[in-house]
Structure formats: structure tokens, C-alpha cells
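We just call them A, B, C, D and E in the order they show up, numbering each chain from 1.
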Amino acid sequence: MIPLHWWLIVAAALFCIGLYGVLSRKNAIGVLMGIELMLNAVNVNLVAFWRYITPQVLTGQIFAIFVITVAAAEAAVGLAIIIAAYRRRDTVIVDELDIMRW
Amino acid sequence: MDAIVSWLTSLFPHMAAPIARLIVHLVYAAILSFVAPVVVVVAFTYMERKVIARIQDRVGPNRAGPLGLLQGFADAVKMLTKEDITPVGADRIVYNLAPGLAVVGTILVYAVLPVAPGVIGADLNIGILYVVAVGGFGMLAAVMAGWSSNNKYALLSAFRVVAQLIAYEIPMVIAIIMVVLAAGSMQMGQIIDAQNVPFLFTLPVAFFIFFVATIAEIGRSPFDLLEAESEIVAGFHVEYSGFKFALFFIGEYMHLFVGAGLGTTLFLGGWRGPGASEATILGVLLGFVYFLVKTVFLIFLMMWVRGTFPRIRIDHLLDFGWKFLVPVGLLALVAVALVLKLPFLSSSVLKWVGMLVANIVVVVVSLTAVSFAARRSRSVALRGVAGTER
Amino acid sequence: MEFFFNLVPLIPLLPLLAFAVIVLFTHRKNRLSSNIAIGGIALSTLISWGVVLATILGGEHVQVEGWQLPVPWLPTGTTVFSVGFAVDGFTAAMLFMVPFVCAMIFIYSQGYMNLGQPNQDPRYARFFAYISLFAAGMLGLVVADNLLLLFISWELMGLCSYLLIGFWSFRNRDTEQHIDEAQVKRARAAALKAFITTRIGDVLLFAGIALLYSYTGSLNFREIFRPETLEHLQEISLLGQPAVTVIALLAFGGAVGKSAQFPLHVWLPDAMEGPTPVSALIHAATMVAAGVYLVARTLPLFIAGFEVAHAPALQWVAVIGAITAFFGATIGLAQDDIKRVLAYSTISQLGYMMMGLGLGSLVAGIFHLLTHAFFKALLFLGSGSVIHGMEHGHHKVAHHSDHHAQDDFNANDMKVMGGLRHKMPRTFWPYMAGTLALVGIVPFAGFWSKDEILAEAFHLFQESGSLSLPFWVWLAGTLGAFITALYMGRQIALVFWGEPRHEAASHAHESPNSMTVPLMILAVFALIGGFANAPFLGSFLHHFMGEVHEASEVVHSAAVPFSLAVAGISTLAALLGLLSGWAIYRNYRAGQVEPFQRWLGPVFILLRNKYYVDELYHLVFIQPAVWLADQVFNFDNRWVVDPLVNLVGTIGRVASEITRVFDTVAVDSWMVEGTAKAFNGLGDALRHTQTGRVQNYLLVVSVTVLLLLGLYMAFL
Amino acid sequence: MLSDFTFVGILVLIAVLLPVVGLGLSWLIRPKKPNPVKQSTYECGIETIGDTWVQFRAQYYIYALVFVVFDIEAVFLLPWAVAYDQLPLYALTEAVIFVLILALALVYAWRKGALRWS
Amino acid sequence: MPVDQIVKTVVFVIFTVMTLGGGLGVVVSPRIFHSALFLVLSFAGVVGYYVLLDAGFLAAVQLLIYIGAIAILILFAIMLSRGLMAERQSQSNQQWWIAALVALLIFVVLAAVLWRVDWPVASQQALASPSNAISQEGSQLGRDLLGPYVIPFEVASVLLLVALIGAVILARETES
């Protein structure tokens, strides 16, 4: 079998790529995509831990399913916010959505 | 499949079982990827033209070969030799990927289609879920094609396709859940095994929903809005020509066949029939014949529907999916689940009868509700008319 | 009797259900919504009292051992988060008070929000939804058998307090002209302040819970308080302390935020911006009680491993409590807003409760919590009734006179009241009962509970025989009692005696029955509530809940004998204070300089401005935070230097301002106001540095995580 | 488990060959004579007017939203359906509650006109 | 090394290239539409991971939800908020280089920590027979979801309801 370390490090890499996306993308949708990547990295971790450490109980898989559920809800609401913001302010660039400053 | 593997190993004693399995897999994959598309497209375009022609009181193709049988091959050669045009402003990579994705996505579904006793690519224990999941590639291909063509009609069409696909995917999934509930498994083999009485008879509502949803998913008339020529030119693949267009076309007919094949597997007992068994070659062939007959029958039904009903409006289409099929499906799902847990339905026969009764009740209830709603909206409309006249 | 225990989960669930029903279905039907809310809490009250009865009849077995209903919530690996329920004597005591007081407040609200009147609040149904959720949070907290459910309920209350304090934070320009813009802004600021201030405590509490879970693998009270678990927690060393002390102090941090103890008390007075029933709810039965409840519930953690008199965590509780008790009372002396006086009185009384707990006596703290809930609810609802009456009077005046008198009339201002005892007798008498209870006059409820705390302190002082902590606690308590009496005397004199000092006061009239009847019911409890633990009646509460924590083998509680000396001194102080306050302000006339101001001078200004704690926080926390944020976010921008220069300038200026404050306070109080304004202006200027860009913030978070990871690596 | 999926993997590899080979074949034998008119965007016979990126309706998004919700419902209900035989009676009530809550979502979207096309 | 081990490793590498390459594509692609397609590629790689990890059900769920639903949602949102996608301007903000640095450092630290830890891997015997979410005999997953996880199961539906309501309110075009 492939060593557990490999999975974890790949997941960490995916997580950091996602983090970079969240931090650096101008487009709000791009930010959201970064978040999705990060959540996927988490899921890879959960499933890898399930497979290697507690293969007898399904906890890891069940958590992954719930994470997917939450990710879907988050994406739905997040994108709705972006669409609403676009409609009102005509932009999806995060830097321009700074009504909360000051 | 296993039989072939053991036959191979006995024929070549030096061959290890995994290698034999690999060879069998490769051959079957090649059949699905190269033979099946040609056969399916040629056979069913021909059949479709003939059937529709009959319904419309015409003769249909009759020039190429005897009875026009070679028409399909002629079309295939034509497609291959047509010039391939990429519109300016297109996103070339995405533009070229989309047709491939469409056809590969469809072929992947065949992996879990049991066409004869023991003949199935991979009898996954999540079989039917795999089918639904892989279906997502179709949507993706449509969006990619529509977006990359740099054509607003193509994009508009892609949107419509996706809206339609998602509107009918949900009822389809609900119908599938009902089947899974009755069969107690998602595995294709077990679903077939569970059909001592085909689910068509115990779950007619599920079959109806599945059948309608399949037609809509394939995008055939009366749900062919995505290529409604008179409205949006020719659908999301309007800019495609030559072999790339052919790929979409192949994908569509492959989808048609696999849709009907799934219908057969889920509701008509698949390859089951007198004499069909995994034990003998004859039995296997017989099973394949049963499967084909049932599938072709379903395809014929779809063609019949196409010949009979006019195309419906997009709002009606979406309403029908979301506001009729989904609620009815959920209702039927709950009813079936309830019946399966009723304590006095102890034997399997009683359970079948109970499911049938539950389905009939659901039909009655939903038809009553629809007619009530229709009457109300009609009277509202009438009142409106009366109001304007006054 | 088992029957009632099985209904325990319904106690928080019924108000929650009422919330859901109102929000989802009936939010358009006002009367129905409020009836659903009242019905929900009334049923909860009935069940709760059933449970209380069952507990009383169940005897020691139920009162100490308790009854439990674990509900597994989320299995994680080998442990299961549970959200179970439990009832023991302590819970039952709370269950007697919380739902009942809530129910009274709900009924009162129906009148306060002007049901059926033309000026009915447009968000009437929403108000009842919110308070239902609030009550559900508090009840969930009380019946929780574990810290997880407790924390969930805790946060639920935090959210509700935010929503309710800011209930008037927006207005419909067409229909709500009576709410002026300034009030809207104040409500908004107050809601945010309450939320953020309590959040500081919540974070600490959460850290404590996480720490506890990581060490014990459980959040169930019963399991945490097992002697062997406590012993295990003592042995782990964390930051040079036993882990249990650190955890206890973190939990206390949460309680400081929630129960508005010094130094996180600042949100509570501002919380007055919400509707008055909300103030009553926050001050009496729910929000602030939660913090005290938490400390009481986790008392074994505070004591574990030490003598009661020397447990460091416990000493902190006592010290903070004593400071708060004294300090809150002094501020109360100089406030003009009727509700603000009561707010500072709440802070001070909460200090008493913490003092009681800090002396290791569960019963003393909780007894005061219970009696205080009754009489403070009474006082708040009474003040609401007064304000309501004043508003009606003002309305009438404005209606009759030609000019539209939207001027600067403030219905909360005690200076414009006066002589209301004739206009509003049915508000006056219950209010007096509440006052006497708060001040601690025999035989009203407050006397018994306050005396219990002071007796506890005095007893410990006698035992130790030196001028140690218990003595100072006792002294602060007794002085506090005097000052409490003084400001209450001032208040009743200003409100109910003398001549009306404004037309509105002379036209004020009595409130509707739905408001005054709850007042009378509460007044009865303010009168007799103290007998629950009165020494001459056998200290019932002591037997009922005193031994709840015995199982942990660290908390031992026996009733402290009644001490005539202590009771005498405090009663004397109270009487003296009350009478002198009343006498001084009885004939106060509009426009006069306040007598206290004349005598106390700059000290009075200091008190009126609440010791400048708000301004201090703005200077010490908010501005540097903003500045830091700016620097971190823009360190590659060209203004690296400017803010640095600004900072140096600011520090210099601040220093000079501070000295100037001390120089000028004695001379001219106006300068102080000016200084505060200067600070505000400075804040405005620096505020511009907050970028509002989420990605910037997240980047800082990431850098911090990186640093923490680096630290972790370094120490691995 | 993995071996179950080997065929799927093989099928992907082989199936990809279909478009590749097909496109290669047609590339060999088809005519190649591009010109600007041929390559221009086809709409309805006359020249294209305006930008391709017309504003689309948020309605599409809302349909997708309801779809996502029900897709997840399917994910939860499929294991339930498979295990239904082995589950006690309360599984029925739990699932009915689950379905009802989601039906509430559908009803909400319906009542709010989110499912109306106009 | 036995053959199947080599095959598995090769497959793992392929999926890693898909996942991480797709991920990188998401964050650096100049066109947001391409980003979304790269995202699909990355998701597909994760599907492969799940298959390799013997979590067939999750693989299907990943395909169904992420590629079939979330990716579509994202593509829709991109098309609804057009304007940016046609331009080939830079998609990164000014702090991108700090972000890259931080992400890289976090990765280094994480990798170092993860590498050092001696994970309590289960016994060979346990590893050889992992529990199966959906199997020939029925659904362990279904039993778990309706057993110990029944509250999260129900809460999930409430979450979805709330998300739907919120999103519909936000995304609905204002009635006019």
C-alpha cells in the first residue's frame, strides 16, 4: 500500500494551493474555488486516516460526507452572495467589495 | 466474464488469472468504445428514421443499400470527411475537449450495464449511483461546448440544457432510490436478481418517472428544447462540424441506448427471461437477446413518444420536472418505504402487492391534486377573462 | 414523579419550538405569535415546577445524585459528544426561578410592546420570537449535563442578546418616526458592544472547554467532577499552574464577560438600548445569571487541590466580585437614566454573587442569584412601567400643545420625573418592594441572601483571624450595601417623590394590567423569596442544593450560622443609606445642581463618566488594534512611516491628555468631556486604516497560524 | 474494491481513444480550406451583433441551487435505502422527517416563485 | 515490488498530477472559466484518490456532488457575473506574493510535522479488510447514518433547508 505520509503530504499541498487561491485571487468566485480545494484536502485527509488508522469503523467516511454536505451548502450560499453583490455593485472583484472598511 | 477468464486460463495454462482478466477487460472495453458506438448509431438512426417515417406515413430511408440499411454508414463516412471548422474567438482547447468529454462520459456508463448474464464490465456495489454520478460529465460537456464556441445561442442553449438536465436528474434519482429500496442494493446484478416480479409492475410510478426523466435527460422530443432549431438555432453544438459534431451525435445515441438499457435493467428485469442463465453459453446468449428485445422495445416507446407529442415550452418543461415529478416521486418514495415496513406484509408476494397498491394510491392522489389545481387555475383564468370583459 | 423528569428536555425545547413556529409560520399574526411565545414559556414553567416538586419530594437521592438523560450527539472516534440533560438540587433551584421570571416578562412584554394599540411595535412578532429563543438558551444552559450543550446555549444567548439589544437598530422611515436616528445608532453600537465584549469572555471559556476536553476526554459534569479526574487535572502542570486552575480561570473569564464583571462590565449599561423587557430578561433571569451559574456549576474546578480559603482561582473570583460590587455601586450614584442606575446596580449585585461563590459557598451565591432575579426583574419592569407612563404623558402633552415637542425629552431621565407615586400607584408599591429587597431591609428577600454572603465572608475572616481577603471582601460588601441603599434612595426620591419636573410627568398615567399584574406577582416574591433560605426557617436551600458538589470531594458546604452582628451592621448601613438618599433628593427641583455633585465635585464627574473605562478601552485596545491591523496589512504600502510618526505623536498626546484630565477635572468638568471627544476624534482618524478586505484579514490569520506552527515545531 | 474499479479505469483509457482516433482519422482525410466567413460565428444567417456575453438570468442559478440540495438528499437517502431492510422501524420516521424537511425546501422555493420561469 | 504495487503507485502519481496540477491551474489560470475547469480536473483527481483508498461510495459522491453539482453551480455563477472572464487581465491581487510565500511556508511546516509523526497505523490484518460503506451485504453507512449519526443526519437536512432559503433570498432578482 501507498504509505500514509504520501496522502497526508499531498493533502497538505492541496490545502496550501487552495489557501494561496483564497488569499490571492481577485475574483470572489476564484476565492470560493480556493475554499473548495481546501475542503477537498480535508476530505482526503479524513478518508486517508480512516483507511489507514481506523479501517474498521466508518467515522472518517461519514465525516467526509458531512464535509461535502457543508461544502455544498457553503458554495450555494457563497455564490448567491457573489451574485447578489454583482447585481448590486456590478463587480465580483473582492478588493472592490470593501463596504466594511472603516 | 468470469467464465471467459477461466476458459482462457484453461486454454493457455501458462497464463495467470490476472493477465487473462486484463485481456478480457481490454477486449470488452474496446468493444464498448469502438464497436458499440458504431453499431448503436447505425442501427438506431436507421430505426428511428423508419419508425418516425411510419408514424408520419412516409417510407424513410430507402436508397443506400437494401431498404436503406446502409444509410447510417453513409452518414458516418460523410461525417469523417467533412471539413472541421473552429470559429474565431473560440476557446480552442475547451472547444476541442467538449465533444470528447461528452462521448467518453456516456461510454463510461456502459461499464456497469449488465447486457447478459455475467456480462458486465464492473459490477460495482454502488452501480446505480455510479451511473448517476457519471451523468454529470454530460452537463459539463454541454457547458464547455456552449461557452467555448463564442456564440450566444450556443451558450444560451447550454444553459437550457443544464437547467433541463438538473430538473430531470432529481426525479430520476428519486425513482432510482425507490428501486434501491425495493431491491435492497445498488448493485446491478442484485437489482436484477431482486426482480422476480419486474419492478415495472410493483413500482409503476417509479418507472413512469424514470422513463420520462430518461427521455428528458437524453434531450429527445418532446424535451428537445436544447436544439429547438426554430428558437436557438441548433443547440450548444451549433458551431461544431465534421467529426466533432459526430462525437456529440454518437454520444446522444449511446445515451439513448444506455438509458433504455438502464430502464430495462431497473424495471424490466434486465436480461432475465426463460432459459437465460450464466451457466451455459446458450443461456448467456438468450439473456443477451432478452436484454436487447426489452431495450429496443423501450427505445421504440421513446420514438413513439417523439412521433406523437409536440415539443413543450421551457417553463412547462421545468414545471413538469420540479412541480410534478419531484413531489410525486417523494410521495411515492415515502409510500413505498411505509409499505415495506408494514408488519402484516410478511411474504414477498404480499409486499409486491402492497407496493403496487401504494403506487396506485399515489397515482390517484397526484392526479386528483393536479386536476384540482388545474380546475382552480382555469377558474382563475376564466374569472380574469370575465373581469376584462366587464 | 419520574414523569416530570422525562419531560425535562421539553423545558428548553418548548420555547425553541415557539421560536421556530413564530419565525416560520405565524410571524404575520401578532397576537397569535405572542400567545404562542407565552404559551411555550408557561408550559415550560409548569413542567419546571413539576420537576422542582419532584426533586423536593425525591429527597436527597435526587437532589444530590441527580437525574440524567444523556443524548449522544456526534460520535467522534472513540468518544461521543453528548447533549444530555440532568437535574439535581441546584438545577431545580434555578428551574424554579428562570422560567417563571421569563414568563412574567413575556406577559409584561405584551403590554409593553403595545399589543393592539395604534403604536404597536412593527416587529412585534419578531420580538417574541427572539425572547423565546433567549429563554430557550437559558433553560438549555440550566438543564445541560455537559459543557458542550451549556456552551451552545451560552452562545445562543449571546446571539439573542445581540439581536434584542439592537432590536431598534433599524427603523422604517415611514412608520417609525418616533424612533430618532440617534437612538438607532446607539442601539446599533450597544448591540455590537455587548456582542464583542461578551465574545472576549466566550473565547476564553471556549479555550477552557477545549483544554478540559483534551485532558479528560469528556465534557459531562458528572465525569469531570469525579475525584480521580480532578486529581488528574491537578497533577498536570500548565504554565506553571495546575491545569485545573488554568481551566477554572478560563471558565471564569467567560463568566466575567457574560455576567458583566469588572473589567468586562461595559456592555451591560449600554444594553439598556433594547426594549425594557429585554433589559429585565438580561439582568434578571437569563444572560447575566448564566455567568454566575457557570461558575457555580464548575465550582469543583475552582477549588480542586486547595483549601477553600487559598484556592487561587477562587480568590480571583472573590476579588473580582468584591471590586465589581463596590465599583458598580459607586457608578450607580451618579447616573440620571433610571435604567442605567438599575444596570449598575445589577453589576454590583452580580459582584455580590461572585463574592459568595468566591468564598466557596455555592448556596450563598446562588441564593442571591435567585432572590436578585425576582427583585431585579421587578425593578426593571417597574422602571419600564414608569417610562411607559412617562411616554404616554409626553405623548399627551405633545398632542395638546401646538409645537411638535420632539425636542430633547428623554423618558428615561429621572430628572424629568417626580411625584409619580400618586400618578402610578400600582407601579409605585411593587417598586418600593423591589427597592427594599435590593437594599436589604428585613424581611425582604435581598436581606437574607446578601446577609448570607456577608456572613460567609465574616465567618471566614473570623476563622483566619487576620485582615486577609475575607475581611476586605466583607468590607467591600458592607460599603457596597450602604452605597446601594444611597442610590436607591436617590432614585425613588427622584422618581416618586417631589413635584413633577416636566409636563410629561404630570400627565403620566398608570400602565395596563398586563404590565402591572406581573409587577405585583413579582413583588410578592420579592417580599417572601428570602424565606427559602432564612436561618430561622431552617435554611431550606442549604439542604436542598448544598450537597450537589459533594461527590467531587473538594466542595464542602455547611450553613454558616446566622450572625446578628453582621446582619445588624449591614441593615444599619442600608437604612442609613436609603433614608439619607431619600432625604437629600426628596425636594430636588428641576435645573438644580445635584447635591451629590456639590459635595463630591470631581469624584462625581468621574463616577458619572463611569471611571472612563470606555474611553480607556478605546485608547488601549481599539486604537492599537486598528493601528496594528493597518500596519500589518499595508506594510508594503508607502505609509510605513506615517502611522509610526502618528503613534509617537499619539502616545505623547495621550500622555499629555491624561495629565491634562487630572489637572482640569477639579477645575472644570467640561474639559473632561472635551478630552473624551478628543479621544473620539483621534479614533475616527485612525479608523480609516481598516481596509475591509477579507483577504487581508485572512492573510494575517495565515501568518499567525504559521507562527504558531513554527512555535509548535520549535518546542516539539 | 479497487479491483472492481480497474475495468472503469481501463474503459476510460480506451474510450478516450475513440475521439482521439476519430479526430486523427478525420484530420487525415478531411478537406482544410478555412476562410474568414466560414469561421465567423453562426447565428441565424446574418452577421453577429453585439457581445457574446449577454446577461443571463439568475433564475438558472436558482434551479441549480435546488438541484444541489436534492442531489445531497440523494447521497443521504441511497445508503438509507440500501440498508432499509436491516434497519428498525424508526429508520422510516427518521427518513420521513428528512424528506419532509427537504420537501419544505421545495415548497419554500415554490412559494417564493423561485421555480417560476418568466 | 509486486506488480499491483507498482500499478497503484503509478495510478497514485497520475491522480496526484491531476489533483495538484488542477489545483495549481485553479489558482493561477488567468481566465476564471478555465479555473473552474481546472477545479473539475482537481476534483476528478480526488475521485481517483477515493477509489485508491477503497472508498468507492465516496468517490461516487465526490463525482456526483462536486463535479455534477458544485462545479456546475460555479460555472453558472461565473456566467452570471460575466465581464471579468473575457478579459485576460491578471487575476491576482497585490498581496499574491506574500500569499504564495505564506502558503509555501505553511506547506513546508505541515509537511515536516506530518512526516515526523509516527502515525498509529492499524494492523496489517485490519488494513487488509477495511469496512465498506456499501457492500454486497448491505449498507454499513446507512446503518451508521441512522444509528449513532442520526442527529447529524437530520441536522444536515436542516442545514440544506437553511442554505437553500438563504441562497434563494440572496440570488432572487428583486421583484419589480
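Descriptive notes on the structure:
Criterion: contacts are C-beta pairs under 8 Å (C-beta built on N, C-alpha and C of every residue); 3 or more make two chains touch, one makes a residue touch a chain.
On a predicted model such as this, the values are computed, not experimentally measured, just so you know.
By the document's definition of touch, common neighbours of subunit A and subunit C comprise E.
Taking the CA centroid of subunit C as reference, the farthest chain centroid is that of B. At the centre of the protein atoms shown, by the Cα-centroid criterion, sits A. If you compare C-E with B-E, the chain pair joined by more contacting C-beta pairs is B-E. Averaged Cα coordinates give subunit C a centre that lies 54 Å from the centre of subunit D.
Measuring from the averaged C-alpha position of subunit B to that of subunit D gives a distance of 14 Å. Centre-to-centre, using mean CA coordinates, subunit D is 17 Å away from subunit E. Mean C-alpha position of subunit A lies 7 Å from that of subunit E.
Annotation for subunit D: residues touching 2 or more other chains are 4-5, 53, 56, 58, 60-61, 64-69, 71-72, 74-76, 81-82, 84-85, 95.
With touch defined as above, residues shared between interfaces to two or more other chains in subunit C number as follows: 75, 695, 699, 702.
Across the assembly, subunit B contributes residues 124-125, 129-130, 132, 155, 159, 162, 166, 184-186 that each touch 2 or more other chains.
In summary, the structure contains touching chain pairs A-C, A-D, A-E, B-D, B-E, C-E, D-E. The residues of subunit E lying in touch with subunit B in their complex are 33-34, 37, 40, 56-57, 60-61, 63-64, 67-69, 71-72, 75-76, 79, 132, 134-136, 138.
Subunit D makes touch with subunit B in their complex at residues 4-8, 10-20, 22-23, 25-27, 29-34, 36, 38-44, 48, 50, 52-54, 56, 60, 63-64, 66-67, 70-71, 74, 77-78, 81-82, 84-85, 89, 92, 95-96, 99, 103, 106, 110, 115-118. Of all the residues in subunit C, the ones that touch subunit E in their complex are 71-75, 80, 636, 695-696, 699, 702-703, 705-706, 709-710, 712-713, 716.
Across the interface of their complex, subunit D is touched by residues 65, 68-69, 72, 75-76, 79-80, 83, 87 of subunit A. Put simply, subunit E touches subunit A in their complex at residues 5, 8-9, 12, 16, 19-20, 23-24, 26-27, 32, 35-36, 39, 42-43, 46, 49-50, 52-55, 57-58, 61-62, 65-66, 69-70, 73-74, 76-78, 80-81, 83-84, 90-93, 95-96, 98-100, 102-104, 106-107, 110-111, 114-115, 119-122, 126-127, 129-131, 133, 140-141, 144-145, 149, 152, 156, 159-160, 162-164, 166-168, 170-171, 173.
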